[in-house]
Amino acid sequence: MDKTIVMTKAVSMIKSGDTLMVGGFGLVGCPLKLIKGMEDTSLKDLTIISNNLGEPGKGLGRLVLQKKVHKGIGSFFTSNPDVVSAYQNKELDIDLMPQGTLAESIRAGGAGIGGFYVKTGYGTKIAEGEEVRYIKGEPYLFQESIRANVALIKAHKADRFGNLIYLKSARNFNPIMATAADLVIAEVDEIVEVGDLSPEEIVTPHLFVDYLVLAGGD
Amino acid sequence: MDKTIVMTKAVSMIKSGDTLMVGGFGLVGCPLKLIKGMEDTSLKDLTIISNNLGEPGKGLGRLVLQKKVHKGIGSFFTSNPDVVSAYQNKELDIDLMPQGTLAESIRAGGAGIGGFYVKTGYGTKIAEGEEVRYIKGEPYLFQESIRANVALIKAHKADRFGNLIYLKSARNFNPIMATAADLVIAEVDEIVEVGDLSPEEIVTPHLFVDYLVLAGGD
Amino acid sequence: MNSKEVIAARVAEELKDGDIVNAGIGIPTLVPNFIPADLDVFLHSENGILGVGPTPEDDKIDENIINAGKKPVTVKEGASYFDSASSFAMIRGGHVDVSILGALEVDETGQISNWAVPGKPVLGVGGAMDLLEGSKKIFITITHTTKDGQPKIVKQNKYPLTSLRKADLIITDLAVFKVTDNGLVLSEIFPNSSMQEVKEKTEGAFYIDEKLKST
Amino acid sequence: MNSKEVIAARVAEELKDGDIVNAGIGIPTLVPNFIPADLDVFLHSENGILGVGPTPEDDKIDENIINAGKKPVTVKEGASYFDSASSFAMIRGGHVDVSILGALEVDETGQISNWAVPGKPVLGVGGAMDLLEGSKKIFITITHTTKDGQPKIVKQNKYPLTSLRKADLIITDLAVFKVTDNGLVLSEIFPNSSMQEVKEKTEGAFYIDEKLKST
């Protein structure tokens, strides 16, 4: 079993209208090769679940400029002025979540949890219209779990089964997104032999990963 | 900062009436030295949250025989006949949960999640009287998160800050229990220098751990 | 092969390259012995292993590597260890392709009971409910009758259900049943048995596959 | 020291050996520079680091080690990396001792606003709400007034609240306020300021600590 494919094949599995999870915190840990592969294609109407939508002209920011993104679901879009403009021009919908609630709802989506309760945001503007429940006397907000059609993630090393390890703070949203999509494609710096990754250090076991694309490959 | 203490000091921090989480799957990954330290003390009326309650005359099974355990919360107690007898003699209360729901409710307790919804058990006898909610058209059961006064866990190596790594399948419930108690005491095989554990391989970061006890020490 | 091995060997035929498989205690533990060597089939154990290998020789036992039945096992190259919450996240989240489970009873709709016996204290549920709820496919392995000859495939279960989720395939020492929306379909009779024996020893109603009728 | 450094130095005095500290963007990023070397204080960054070290020299930047402000940082011995769900589990679960945050405004009950400005599109919330909700203690660092001289400690916030949770301590370039159940208590005036200045530049009501009255 070898899950390695070329980038063009990976991109061909994404369809217009899909909801995509894209790993990374800013550009760190972001699958930049896969994103580049989506540029200048006919893909459109994408919903992107990602902490940010890249930076001006970089990463997911390029897909926003190409008007491929219909909606962004994430926690912090202010750092990319192109996203702010697209939102103001009504070219882009935005669904804003506290970063911890975003992360937890992705984990829940991958873990068969239908929804959960957090205190974060209770009593603030983002809780308007949201369901409140008291648990052990404290107020919590309900949050449904989220899933995507495709997760595009970035890892450091993989073996050909698809076991993954990450590099430093580039780990961020990648391991949880790997669990929460129908199709999971991991862009990796290096593919090593099965057995080279220690069973104790593997962060994402291979059952979560469908395909591997080499960041420096075709 | 050095979190290492002797076993007797660790045990002195546990009080009668406390709710304890105890790591392990059967005896594997179970903090046997800390349990041994609790034997023949005046401790009583303990509520134990653990997947099992040891084996006959072994691990938590000894505390059951000494009638120190008022209630067991876990998923599989059938393998210890002493637990079955104590339950039938009404010396021991039992709260039974599916293993995944047990694990998730502990993780939730450590993660600031008030409660969550799982499908597991819906429509079965264990769901009688439980709250059902439909999410995206599917039925789920509500489960509150759980926490404890004290977590007694077993890890393989620690550094003196309290960073932990585990050994093979002895990991099991230990990393999640480390997050979900007011006081966390880790029994470890070895204490290494700070810096000896790679930042990528640390499974339990030190902020979760209050004290360390050497499995082979005083 | 004894009757348990017949069952295990037949289940193994259903597995495909790349499958993630959780095999419960009892007959299911025998299944890995019959998986062809050229297939990459990965065994998941709910106490926190993906990539379980064969049972070790007595002098090679590592006490820190056990399966969900608390028996010593080994791990294969490419295996990984994880905590219990992560392990059940895999199961509930739909990341396990097949769970192979034993059962006390299966009813004629394919619902199973395998965790509690009425009148006896119920002190164990373990991972069975999670596996039934979350796995993509459920294969049930049972001897066709109990030790005292009572059918295990029944009209209605006497024992409490493990889940409303139905099995996909039931494999006994006599026959194979597919579970469909309309009920059980007998799809295969083993050479050591006959249509008459299967009919006699099965209480629950079942259809007979067209192919089987013509033979 | 400039006024931001005055604030950062004063916050650092509040930290204790072993503290787990999350320091937000702006003034809070300066705090680590003032932590005494003999204290083990561990900096948590919500993108997945415990044990953040100083900013690297330009030629030593590792692009894969950034803080939550997306600035390059280093890690100290004993540091660890983890995913975003684990990181916010630490925050919401009460495992962070202190969060040091900036604010647009603080009201006289100690509630803060630091994420949204009315009339402008609100496109970022980040980790601020989680940190406010989950940290054991909240220290707010602000310049006492805005650039155009308006008080930041106000009767009632114009901007949307970040949480109903109140801060524990407010440290400005002029003074320190403790937040109590009865409201703000002015506990310290810096040498560069005076009671009169603090009174003039603070809109929200506050009590004056007994010790300060007697000096």
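Labels for the chains are A, B, C and D, by order of writing; each one numbers its residues from 1.
Everything that follows uses one rule, which is that contacts are C-beta pairs under 8 Å (C-beta built on N, C-alpha and C of every residue); 3 or more make two chains touch, one makes a residue touch a chain.
What you see is a predicted model; the values in this text were computed from it and never measured.
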item	value
Subunit A and subunit B: spacing of chain centres that average the CA atoms, whole Å	32
Rounded Å distance between subunit A and subunit D, as computed from the means of their C-alpha atoms	29
Distance between chain centroids, defined by C-alpha means - subunit C, subunit D (Å)	56
Sequence positions of subunit A contacting 2 or more other chains	104, 107, 111-113, 118-120, 166-168, 199-200
Subunit C residues counted as touching two or more neighbouring chains	75, 81-82, 88-89, 91-92, 133-134
Arrangement of touching chains [line / ring / star / complete / other]	other
Chains touching one another, given as label pairs in label order	A-B, A-C, A-D, B-C, B-D
Interfacial residue positions of subunit D with respect to subunit A in the complex	45-49, 62-66, 68, 70, 75, 81-85, 87-89, 91-92, 116, 121-130, 133-134, 160-164
Contact set on subunit D toward subunit B in their complex	17-18, 20, 40, 42, 44, 50-51, 75, 77-82, 88-96, 133-134
Complex contact set, residues of subunit B against subunit C	25-26, 28-29, 51, 75-79, 83-84, 87-88, 94, 96-104, 106-107, 118-126, 166-176, 203
Sites on subunit A touched by subunit B in the complex	104, 108, 111-120, 133, 135-136, 138, 140, 144, 165-168, 198-201
Partner subunit D, residues of subunit B touching it in the complex	1, 107, 109-113, 159, 161, 163, 179-180, 194-195, 197, 199-200, 202, 205-208
